[in-house]
Every structure is written in structure tokens, then in C-alpha cells.
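Below are structures written as C-alpha cells.
What follows is subunit A paired twice: with subunit B in the first complex and subunit C in the second.
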Partner chain A sequence: MKRRHTPGRTALLMIVALLLGALLAPAVARGQDGGLDERTREVAKRLNCPTCAGRNLADCPTDTCAQWKAEITAQLKAGKSEAEVTDYFISRFGAGVLQEPPRQGGYLLAWAFPVILFIALCVAAFAVARRALRKEPAPVVPAAGSDPYLDALERDVQEG
Partner chain B sequence: MLTDVGQYAVLLAALLLLYAAGASVYGAQRDDDRFVQSGRIAAALAFPLMVIGMAGLLIALINNDFSLRYVVSVSSLGTPLFFRITALWGAQAGSLLFWCVLMSAFVFVAMQRRWDADRELLPYVTATMALTLAFFIVLTLVSANPFERLDFPPSDGRGLNPLLRHPGMIIHPPVLYAGFTGFIVPFAFCMASLITRRKDDLWLRASRRWTLVGWVFLTLGLILGGRWAHDVLGWGGYWGWDPVENKSFVPWLLGTAFLHSAMIQEKRGMFKNWNVALMMLTFGSIVWATAIVRSGLLTSVHAFAASSMGPIFLGFLVVMLAAMLYFWLTRLDVLKSENALDKLFSREGVFLLQNVVFVSAAVTVFALTSLPIATEAISGQRLTVGPPYFNAVVVPQLILLIALMGIAPLVAWARGNARAVARQSAGALIFAFAVLVAVFIALSLPALTPMTALAAALAGLCAYTAAVTLVEYVRGARARMQANHEPALVALGRLIARNQRRYGGYLVHLGVVVIAIGAIGKGFFGSDAIRNVPLNGTFTYGGYAFTYRGTQTVPCQFDDCSTLQAALKVTRASDAGPFARAGDFVGGLYPRVDRYPAQQFTSTIADVTGTFNEEVYVILSAWEDEGSSATFTVYINPMINWLWVGGVIMTLGFIVAFWRAEPSPVTRAVPVLQGAK
Partner chain C sequence: MKKLPLPAVLGLAVGAGLLALFVLGLIASGNQGRRPEVGKPAPEVTLTLYEGYRAGLPSTVTLASLRGKPVVLNFWASWCIPCRDEAPAFEAVWRKYRDRVVFLGANYLEVEAAALPYLAQNEITYANGFDLQQQVSRAYRITGVPETFFIDRDGVLRAIEIRPMSVADLEANLQALLK
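Take a look at the complex of A and B:
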């Protein structure tokens, strides 16, 4: 199938794309500093909440989590840095309290696992596909509409 | 009284199913059709009996019969009728019963098939279905009996879990369960085909539409679950990689992989053993999913051991896996490929790679969701990984799938031609590049970071895949227009009608792309902040100005709660960007907090405003001194609505693929119909 991309068509594509781009472009002007609340939230976002499976502490509205958040605020107020507060929670509840597992120790296994798995599956699939590959060249199928005489000749030659 | 009838009906259903399994296999071995037929009828009868059982529980719920432990746990005198009915799946025991009812419905309909061409499979399809369903019914009765009576009935119940009093939660569980249980049909056909040592793809053809039904319910269940989480959990998101979500996602990934690889077998007679394995994995993951959610394994290994459900489930899983493995290994010789692969670069090859990605993603999600369970069992400490981990590890694989979706339609079966693919995708590539540039231009106004550059690249990828998919329709329709001189719309309609599976499938692909665009928008450009504001004060965030107008107590929707509602006026801020004017009114927001004193539960219900393309989602986080000041969490969710639209498009795609799809092999066995044209 032959299709040429004339300048007109390309220009049309560009215009559609630009319109879509404008649609796609969301407001990105964010990030005024909200003070202590905002800093608490930043720390809380990195922690798991004991009462909300999956959601981070900042997004969890339960009472237990409110206490944790109050603890973070109190420690930040006392002059601790964000990292120190996080470390405090790790020392108290273990590394499992972090949303993202640390990239060290046994947790490296959790990070390596998907990569190893993916590569292993690719290798296995490739090996299977290689084995399934046709060893001899595919039989030549005459294209539809070719000369019946030539087809008959071809058959004769192959049977001969 | 009626409740007791219900309980006995359920018990009778289980007994009938055991009989059905025995009679079917016996009849098949003895070649005696009478036993096979009686097994078929017995298996079908389970459905009306289960409905009677469900009706018994429903009557107890509607009448608030507090002598039932289950009714006490999900209903109360103040619970409205509608929620007393949906309380049927409001907790463990009832939802398991409901699950069994749905599964028995699928069994019932499957038993009503004509069973002409595939009669040989019937006894083993019946036996597989009957044993599986019987297991779940026995499990319900033994370890989570919803009909259990209390010796001393209380005068009032505890009421339905407040989180479940939402339309999304009312429809989400039945839909998801239908997705899970629907897969019992293709699974049973698969096992029957293995047991009878069939070489052909009869089981695939016979169960294809059932697979689609299970798949679409699973898809809708996931999307509705996301919608519910978005509306009720007060966190602005839709997908949190939490264990309950993950366990539904794993069967979806495997089932989707199966839908694709089944095509290779149908077209080329290849990958037979792989398809069988994939179907068994899909159904196995469904049982696993149900097991870990229902048995309390998610909260703790100890909860698992404490309930009788855990060991029963474990036993069933082991038996099922052993049976699957046995039949698979002993039938590998009949599952040989009929064809050799001509070229690695072919539709088959791309599908194989796609299967690798699906399975890899599924196994990753499965393993890491099970990690806390495994580590707690071994060391006593639960190690968990959160959403950032899954985003980093699984999302790249999903992105790869979107890329494959844009390549696969262009790669021919058997022998792909890289040059032809490049030629055909030239237009789509130009379009994708243009989108990328456009997003760059739009972004460069405020900030260009590696993350936003990545977002632009992903938007380009989505544009490419969408364009390739759309061009498939255009090319086909144009060919028809030229060949048959049809008007454009007629050509398009007939094109789709001639190959509904193909074009329905492409529509599903488009839906996936739309969802991906929504996920990119929310994931890369979504932001949130927390702000404290005095009465009548204003704060600005994300291009919006929020003016706090006070709080007030309003009547709660239900009579076991009290509601405090805040009012906010939202207008455009001065930094709203080039398309808006400062001061333009956006909307009024009334986020609220519902307190349920009896349940010691507080639910924060967000309110949303904004445009289709950008949602402003606000929750009331705290307030002081009767509302003299209040704290709000604001989430700006760009393009999140694309997710729901994508879900609708996927459903439409399913309808196109399913509706009056090509005749099943049963009807195709009548040759007259084929010769007619």
C-alpha cells in the first residue's frame, strides 16, 4: 500500500498534535511552601500507615495515622530534619515502615527480583522460539493468479 | 424458617454437585450417556438451589433478623432497605455465598449449551466445574457460614461498614466476582480437553466468548474499584497497589495474556501447551486471590491459621495445582505445535514477547504482594513494599505493553517485514513526534524536568499507539470504500461487522491508551498540598484560589452518623496559566467528614470540581474552634477523568467483539449455513 505524506497532511497532523498537546498540558505551576503542615506531609508520604493498606501515611485519614502525623509535626517543630524523623520511624518500626523499600541489604533482592525474572522469561521465550523455528526453508507457495502451467511444472519437478 | 430452607438448599446444592462430578466421570468411563446427562442436570440444578439459599439470607437481611450473626454484622435498624440488600456482599460470609451463587450461574448457563460438536468434553467440563463450585460452597458452609445463628440475638445490629455505603462499592464487588467466577468456564473446558487428550483447539473455540465475559467483568471490576477508592477513601488517587487490588490485577494480567496467545493457537496451531498453562495459571491465581483475601492472610499469617478457612483453602490450592500439573505434564505429547515458527519477527513472535511481559508483570505483582505473608511466616516480621516500588518495577512493563500494542497490528502473521512496519507506521510516528513536541512546548512554560520530559515521551508513545490503531480502521474502511463504492460510514460499519473480534479488540486497545493517558496525567502532573486557612481567608494552590466560608453540621445521609461540612469557593488564581482569567469562578466545594460513633469510624468524603481535563479534589482534614479555621488537603488531578472514559471505551470494545460474534463451533457444525453464501 502506497501512502505519501504530503506537506499538507503533515501540517494537519502537526496542528492536531498541537491541539492535543495543549489539552495534554496540565497546569504545572505548583509548589508554594505550606510550612510545617507541608513538611509533615512530605515525611508522611514516604511512610506506610499501619491502618491503611497500600496508602501512604499522608493520604490515610484514620485516627491512628493522625497520631503518627502529630508525632512527625512535633519532631519537626523540635528542630529535627525530615531525614531524622524518617530514621526515627525506621528505628521504631523497622524498614517495613517505608513506602519504598531501601535499596540495601535484603531489600536489594526485592529490587533485583523483577529484573532477573523479566530477563529469565525473555531468555526462556527466546530459547523456545528458536527451537520452534522452521529448520528447512518454508515451502514456496505460489502466489495466487500465477500461471497454472508453471504451477504444474513446479509440481512435476518437485515430485520427480 | 425461610432462612433455614436457604441453608439446606445450599447444602443440597453441594451434595448435588458432588454427585454431578461422580456421575459425569463414571458415565464417561462406562460410555453411558445417561449418567453424563444426569450429572449435567445435577450441576445445573445447583444454581436454583443457590438462589434459594441467597433468597433465604436476603429475607433475613430485609427483615433485620438479628438472630443471624451475619445480619448483626452488616445491618442495623437504621439501615435503609437498599443497603440491607447490598449488605448481602457487605462482609466475608455473605460475599462468599454470593460468589458461589454467581459461579453456579455460570455453571448453569454452560450446562445449557447445545453440546453437539464438543460432546466428548461435557462430562469433564461438568466434573471440573462441579468440584470447584462444590469446594467453594463447602468452604462457605464450614468456615464462614452466613446462616449461623446466635444464642442471644441482640436488639440491634452494627450496621453496614460505612465505606461500603457507596454506589461504587455496591456495584464493584458483584462485577469483580462475576469476572473471577466467569473464568471457571474456560478453565473447565481447558481441563476437559487435557483429560480427554484432545489435540485440537476445540476448548479454545468453545470457551472463547466465556473468556471474554470473564475478562470484561474483571476489567470493569478493577475500574469500578478504582472509582470507588477515588470517591470514598479521601486520598485523591485511584490505584494504590494495595494487596486487595493487586490480587485482582494478577488474574487480569494473566487472562489478558491468554486472550492474545489463544489467537496464535487458533490461527497457527502453535503454543498449545503454553495456552493450557496460562489458563491454569489464570484460574489458579483467581483461587489464590480469593484465598488470601477471604482467609485473613493479608492481615496476618496468624489470622490465616486461626480461621478454619486458611487450611481448607491451602489444601484445595495444593490439590488443584497438583491435578493441573499432573494433567499438563502427562499430556505434553498431545500439545505439540502443528506448525513451526517461520520468523522471530512475526505476529507470533510479538505475541510471545507480549506474553512474556504480561506474565513477568503478573508474577512480580504476585510475588511482592505475597512477600509480607512469606516473610512473616519465616521471620515473624512483615516486609512490605509500597506503591513507589510497584510504580518503579511494574509500570515500565506496562509501558512496554503499550509500545507492543502499537507494533503488533502492523506485523504480519508468520513473516513480519520490518520495512513494511516502518513504512506503515510513518504517519503514526510523525504524529507521535508532533504530540511530543507539543507537550514539550506546553510544558516548557513553567518547568521542564527529566520527569516531565519522560511524561512527554510517554504521551508521544500513547499517541503513536492510538494513531496506529485508528489507522487500522481507516485503512480497512478506505479499502472497502474503493472496492465496493460504499459511503465511509457504511464501509466502516461493515468492516467492523466482518471481523468483530479484531476491531472490537482494537477498540479495547484504544481504551487502554486513553487510560494510560489519564494515568500519565495524574501520575506525572498530579500534585497535592495541605493548607490551613482562617474563616473567610483564601489560599492559592495549583492555579486555583480557595476561599474558606465556614463549617456547619448538616444532616447525615444515614441515621447512625453525624456530618460536618465545610464550604469553599474556588476561583482561578492569577497563576492559572494562559487559558484562564484570574477570578473566574470554578465551583463551590463541600467536603465533609462523616462520624459513625457506634462503629468508631470516621470517613472523610471529598468534593470535586474543576473541568473534565483537570479535577480539583479537596478533603477537610481538620478544623479548630467550631470552624474558625480549617485545614484542607487539595489534590489537583489532571486528566484523571480519562481513566473512566477509557473504561467505557474498553467496555464498548468488548461489546463489539462479543455482540453476535461469529457463530460458535456448535452452530458451525451445520454445513448448510456455510454453503449458503
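Take a look at the complex of A and C:
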């Protein structure tokens, strides 16, 4: 029996295909990174590729990154903790290898600044709003000669 | 003195913070300063030499400690094909001039597991080490590898070569240094 392809069935198939793709994507990505074990991946995710600006070490396929990942694996297998391996890369290549600035010394400014900026903007907005609300509207006094009716009324009052 | 309104004070504080972050970023990325100039004193070098690749030098060598002899400073990496191509020329010229010139190989951003097999495969015997925390490569503002710096016996930078070097290239530069 010949099956009919209805728009509803096509849409359903597309949704199933998209869901399957979304489910399988992480597994495919893991396959492409040379099958890094979970602990190596965790350490590598915290480090930058040394030759590609800003790129995560875990996701970078260059030769240097492959060497660094192999070194991470070797050090973990030798019994070092993830923190010790990270410290090795910092001591050897500098704090610039970290994906995020360390939470110490002058680098704290990088972490604190967005919070300080947000608070400063809130305080400034509050101060401006309070000043605007405090100012009472000035009484509107029509300038002399601007209204003939008022001028006549003024004259009548003065003449009694 | 007239007191500044609060929004102006906050604006100035935010501006100062942004400037501080900018300066911090420049320092962290090593972009302070310019490439060293030929004819001027060469930036200081501190290299931690690999075990077996010290050529009679101490485990940590500085440029200041080598005053009196010309120095050839070469940046390299094991994945760099031009570095591999020029390696035999460096070794040959080092063997010829070893009593009069110091050769220093500085590995760029690699771990020993990658650097040491490269040195062994290329039968390198002159002093080689790693650049702790990228201080030397940043001071010399290298843009890639290989790059070679020729420093005279007084510590003055005499030539910069941003290309693979042949025996003839190396000897021409050394003759100028040894005059």
C-alpha cells in the first residue's frame, strides 16, 4: 500500500530528526576531540589554546593544543589533582592561559567591575530621579500685556 | 570649591575603573612596549634550560651573565616546519663557533613531552630551554616561529631575522657580531 506524504507527517519527521540531532551532537563533538576523558576535558575547558586567541583548549584541534591535552592526561594519570595540573600550566605559561581571570590580586578588578558599574548606574539613576521629583513646578505667571482680558481686569481692580 | 553632583562623581569613578581595566588588559596580554630595536640594548632573557641541553651553562641562564660573548637567540616550536628545516644549520654553525658564540634555543609554548623529542630527533646539542611564563617571547614581541635575534658581546641587539636561516645566513650575521 502506497503511503501518502502529508505536510503533518513531514513536519513530524523533521521535528524527530532535529531532536535526534540535538541529542547526538554532544556525543559527536566528544568523538571529534580525540576522545578526551572527562577529567582531561574538565581541565582543558579552563584553559585557553596558546596559539589561537580566546579559543578554549578543549575544543581546539591544533598540534600545540593536542600536546597540552596529552600533558594534562599524563599528569592526571600520574596522580595529580585537576587543580595541581591547572597550577602547573599557570606557573609554566602564565595566568593568561586561563579562560577566566584568577580571583586574586589585580584580576579581582575584572570580576568586581561589572558589579560596581551596575551599582553605580543604579545609584546615579536613583539620584537623578529623586532630583527630578523634588523640583516643584514653578507657578505660571502670565507676562503683562499678554492677555487683553486680564489687563482690563487688572485696570478695573486698581481703579476700584 | 564647588561640590560635584553625585552622577558626575559616579561617572568619573566608572571612567577611572574602565581605564584601570584597559591598562590591566594590556599588561595581561603582554602588549606593553614595542618590538626591541636593532642598535639598542636587547631585553633581558631568562631561560630555564632543559636537562641535557645546557652546553656548559647553568640551569637558568640570563643574558647579563653571558656578557662578553655574542648570543644567538632562536625561538622555535616542534610543530613548526621551518624550524625543523633550519635546525641542522643552527647545529652545524654552533659546532663551528661554539668557543666564540653562545647559541640559545627558546621553545615557544610547548611542554617537554613535545620539545625534548624534537631536540633529540634533530640532534641538537646547543643550549635550549623554555620561556617561563612567556616572559622572553613577550619581551622580544615575537609574532611567530622561527625568529632569531643576534645580540653582540655588549648586550646590544644587532639583527632580527623573521625567517628560517641557512648556514650562510647565520654565518653572515655571526661575522658581523664577531668583528
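Everything below uses one rule, namely that the second predicted complex is superposed on the first by the 97 of 160 C-alpha atoms of A that agree within 3 Å, B and C clash if a C-alpha of one lies under 4 Å from a C-alpha of the other, contacts with A are read in each partner's own complex, and residues count from 1 in each chain.
We adopt the following convention: a residue touches a chain if its C-beta (ideal position, glycine included) is under 8 Å from a C-beta of that chain, and two chains touch if they have at least 3 such contacts.
All values reported here derive from a predicted model rather than from experimental measurement.
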| item | value |
| --- | --- |
| Touching partner for A:16 - first (subunit B), second (subunit C), both, neither | first |
| First, second, both or neither for A:118, with subunit B first and subunit C second | first |
| Touched partner set for A:96, first subunit B, second subunit C, both or neither | both |
| Partner chain(s) touched by A:129 [first = subunit B, second = subunit C, both, neither] | first |
| First, second, both or neither for A:110, with subunit B first and subunit C second | both |
| Contacts of A:48 with subunit B and subunit C, given as first, second, both or neither | first |
| First (subunit B), second (subunit C), both or neither touched by A:37 | first |
| Partner chain(s) touched by A:83 [first = subunit B, second = subunit C, both, neither] | neither |
| Winner by number of subunit A residues touched, once subunit B and subunit C are compared | B |
| Doubly contacted residues of subunit A, that is, touched by subunit B and again by subunit C | 62-63, 94-96, 101, 106-107, 110, 113, 117, 121, 128 |
| Of all residues in subunit A, those that touch subunit B in their complex | 1, 3, 5, 9-10, 13-14, 16-18, 20-32, 34, 37-38, 40-41, 48, 52-56, 59-63, 94-96, 98-101, 106-107, 110-111, 113-114, 117-118, 121-122, 125, 128-130, 132-135, 138 |
| Residues of subunit A defined as touching subunit C within the complex | 50-51, 62-64, 67-68, 70-71, 74, 91-96, 101, 106-107, 109-110, 113, 116-117, 120-121, 123-124, 127-128 |
| Sites on subunit C touched by subunit A in the complex | 5-7, 10-11, 13-14, 17-18, 20-21, 24, 28-30, 77-79, 109-111, 113-114, 130, 132-134 |
| Residue ranges of subunit B touching subunit A (in the complex, touch as defined) | 233-237, 240-245, 270, 298, 337, 340-344, 349, 352-353, 355-357, 359-360, 363-364, 367-368, 371-372, 381-389, 392-394, 397, 424, 426-427, 430-431, 434-435, 437-439, 441-443, 445-447, 452, 459, 463, 475, 517, 521, 525, 527-532, 540-543, 575-577, 579, 602-604, 613-614, 619, 621, 631, 636, 638-639 |
